[in-house]
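Notes to accompany the following structure.
Labels A, B and C are assigned to the chains in the order they are written; within every chain, residues are numbered from 1.
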């Protein structure tokens, strides 16, 4: 028995070694990459004479495009190697916050949102970009859309340069509304929209798609704009912009939530408690919903060449009630951490990636064509003839939404923290927003009552005492 | 502890061994264990002690504030925390149902697969694959392609049978997560049971057959007792892993009162947006203490895993 | 009917029962495999096809595979991630076995005093929620300059899998008949000798199962990997999740990436489960 087991043992070892050898050969061949142990950048391919930077980004389509174009359009010109870390949004936020908050030096440039940028700037965690921006003529700092620039600044100091920006508006199927005999005004109110949605709602096609997925950036974003325009707010503010009291128990909040949930229940999409941007996109494209209130960037996807609903859509401004405008404002922007070892090189990259020249160069080179260039950041984008042609259906509506976003005064009452439309610019909002929207989403799913949810949320929000 | 007296006797030094041998013997026994033990102690206890230290402070990094020692304040706040209690309850329900279901299914499958039949290797490999998929991917595939109200395969099938579509993840968040967990962990249990079945001496079964024992009898009296330690092992290991489930919750339901378990709750308190490391550490230490209590009861009282038949 | 040691087909009746059981086994295997099958199917679809009503028939394309494996300078490529994962998993699993086999010996065959406490200690190291331990670990890794290296993951995965391996191997080693150990001892075999001649050959199914589980857990481990190695030394799970986007459909691409990521572990699973038809060895002992 020993003999047989030893020989099978040997056979097994040989097989394992064979697999290991094959595996090694497969990866060793043609694998240039080194495994650097230094934080802040890994040893990479030859042409690094200009330096090397590590950039953390989110994996959205526009970011993928630029990462594919970087070697040809940037590294070839400047000799600077760029290593991208593509992370999923939540993970990116965690890692970046911890890294720059903890004084780590893993990244030379980080992509952060409009929510974090002013807060991190105030904390002293980011390099002030204003001197760089003003000295760099190719960057054209005055070309930035004013609301976007303001959203990323604190007291006039720009802390992050916008790569991508979006507002929100209402998209609707012109053919469906026409067939039902209703017209959508250009600047509708929520009551009008609700009426239209209920009118066109049918078994085969829901009236409207609204986000319902828990998360401060999912249901939270969409609902907060409704809350704002209904005259409600999350917290009241003290004179010095600190948090005073939670306002979840106020009648306006309940009214807004009842409206939102009611509209979804009556005329909303299937599986609403799980629906965010991607889910509504799929349903709208499939003809399962007639209207959709969400990010302006959706229009690009709806009017893409392979979209089944291309050419069938109308765009109205984000519905209002008691305010003049209610579209949200969001941007993914590039920032330089305070401890970055080489801010000058980092700025060189940022200047290229968020400057007007990249946008012009990208249009003809990315797979989505001109309609897929990073939107919403610069006025010059909207003057490019090719862009106007490719994105004609929605470019104007987008620009209008971006410029009208009420970043300074989103609702009817003052808010604590730094400016923000679909969020409250305090660090605790992320957590409070997450936990409260979980409650609200449960209401949408039919698992909880509105009053229970509101009461739980008031407790949660009250933990953030002024 | 009575353990010690039992230990001395087996493997005792042969007659006539010197006294020095007697002294060395316990260390000769310990020696093979030391590398693993030292490694584990260093790697796990240092972070654990750091967590204990953090739990005694009010450390938050956003908004940045100096870290001060506050003693047991974090622990004092715990009993009032309704959300923590809810999360604990969800954890218990999720873990218990998932472990039991996957254990039962895994054992049945192992018994089924233990015999020779056509394409046995392929069938086994197919059955292992759910366990090989990343939890994040498994959660997304099940949520969007199996369970989805509009586009899911399950609803497609039930629609053919004339039933209304059910929004599984929205209406039954915890159950949906448990289904995916059972799907992924049944192969784990199956693997352990299979390995256990392999080690059952064939001659005992032959003897039983020769003696005229029925199939069911053989199973009940020979196989099941033989499998019992493996089932206990599977339960123990499965529980340890299933308590830590995180990705499925994050990806399928994003939290919510019905499906937030302890790991997700701690995540939300710390790097998931709360940034309150002091509090999060306190929650974690409480979890560790509770787990130690439960495990002690389970292992030393209920199960036979730690009962040695010493070397006979 | 529970029989190990493979069926020796004797009477006709047993043959047909076996065949029926075989069919049942296949049915269940197919059912369990179905969601994976569906995922594989999605990997050959266009995004629009993958995100709409279930389609069994569609025009397949390999575009998703080329999308995810296309290698751009500066982006984590499949090759690099595979290389990192391969080494991390290989080394950590080997180290785990090297540490756990002697430890299991010392807990099962020649138990140390307080072996119960030792076992309990090992399993207790897994009680601390991973999301809590990440913070001290990150701080330590940063201070020792180990962020974004393969070494840090090798260390962590070894520590992560060691309790599992110790417990499992100990259970399998306990099955080994005493007489064989003592016979080997009488022959003068020390620890290594006993292992080589008696223990390892018999415990092959157990070792295979343990090694397989360690490989699977290490290969698919995402949390530690992404928190400690986001910029470099990134592993396959990180590579797979780079395909997730909040502004656009991604399920088909994710499926393709996941299929590619699973191939190595499926292979490992296949190899390991072959080792577990070794019941014959047991029967041949006496």
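Here, a contact is a pair of C-beta atoms (placed from the backbone, for glycine too) under 8 Å apart; a residue touches a chain by one contact, two chains touch by 3 or more.
What you see is a predicted model, and the numbers here were worked out from it, not measured in a lab.
Asker: Please give the pair of chains with the highest number of C-beta contact pairs.
Answerer: Result: the chain pair B-C has the most contacts.
Asker: Report the chain whose mean Cα position is at the greatest distance from that of chain B.
Answerer: Of all the other chains, the one whose centre lies farthest from chain B is A.
Asker: Measuring from the mean C-alpha position of chain B to the mean C-alpha position of chain C, what distance in angstrom results?
Answerer: The separation of the two C-alpha centroids amounts to 15 Å.
Asker: Between chain A and chain B, what is the gap in Å from one C-alpha centre to the other?
Answerer: Here the centre of chain B sits 36 Å away from the centre of chain A.
Asker: If you look at chain B, which of its residues touch at least two other chains?
Answerer: Answer for chain B, listing residues that touch two or more other chains: 150-151, 271.
Asker: Counting only residues that touch at least 2 other chains, which ones in chain C make the list?
Answerer: 51-53, 139, 241, 244, 285
Asker: Multi-chain contacts only, two chains or more: what residues does chain A have there?
Answerer: In chain A, residues 94, 98, 102, 282 touch at least two other chains, as defined above.
Asker: Would you tell me which residues of chain A are touching chain C in their complex?
Answerer: Answer in residue numbers: 1-2, 4-6, 8-9, 12, 15-16, 19-20, 23-24, 26-28, 30-31, 33, 35-42, 44-45, 54, 56, 58-61, 67-68, 70-71, 75, 81-89, 91, 94-95, 98, 102, 104, 106-107, 276-278, 281-282, 285-286, 295, 297, 301, 306, 308.
Asker: If you look only at chain C, which of its residues touch chain A in the complex?
Answerer: 48, 51-53, 72-77, 79-80, 82-84, 86, 90, 138-139, 142, 145-151, 197, 200-202, 204, 226-227, 230-234, 241-250, 264, 267, 271, 275, 281, 284-285
Asker: Applying the document's contact rule, which stretches of chain C touch chain B when the two form their complex?
Answerer: The contact residues of chain C facing chain B are 1-7, 18-19, 21-22, 24-26, 28-30, 32-33, 35-36, 38-39, 42, 50-54, 98-100, 102-103, 105-107, 109-116, 118-137, 139-140, 155-156, 158-159, 162-164, 166-168, 171-172, 174-175, 178, 191, 205-206, 208-209, 212-213, 216, 220, 222-223, 237, 240-241, 244, 251, 254-255, 258, 261-262, 265-266, 269-270, 273-274, 276-280, 282-283, 285-286.
Asker: Under the stated contact criterion, what part of chain A meets chain B in this complex?
Answerer: My answer: residues 90, 94, 97-98, 101-102, 119, 123, 213-216, 218, 270-274, 282-283, 288, 427, 430-431, 433-435, 438-439, 441-442, 444-448, 456.
Asker: Which residues of chain B touch chain C in their complex?
Answerer: Counting only chain B, the residues touching chain C are 1, 3-4, 7, 11, 26, 29-33, 35-37, 39-40, 43-44, 46-48, 50-51, 54, 109, 111-121, 123-138, 140-142, 144-146, 150-153, 156, 183, 186-188, 191-192, 194-203, 205, 215, 218-219, 223, 229-230, 233, 236-237, 240-241, 244, 246-247, 262-263, 266-267, 270-271, 277, 280-281, 283-284, 287-288, 291-292, 295-296, 299-300, 305-306, 308, 310-312.
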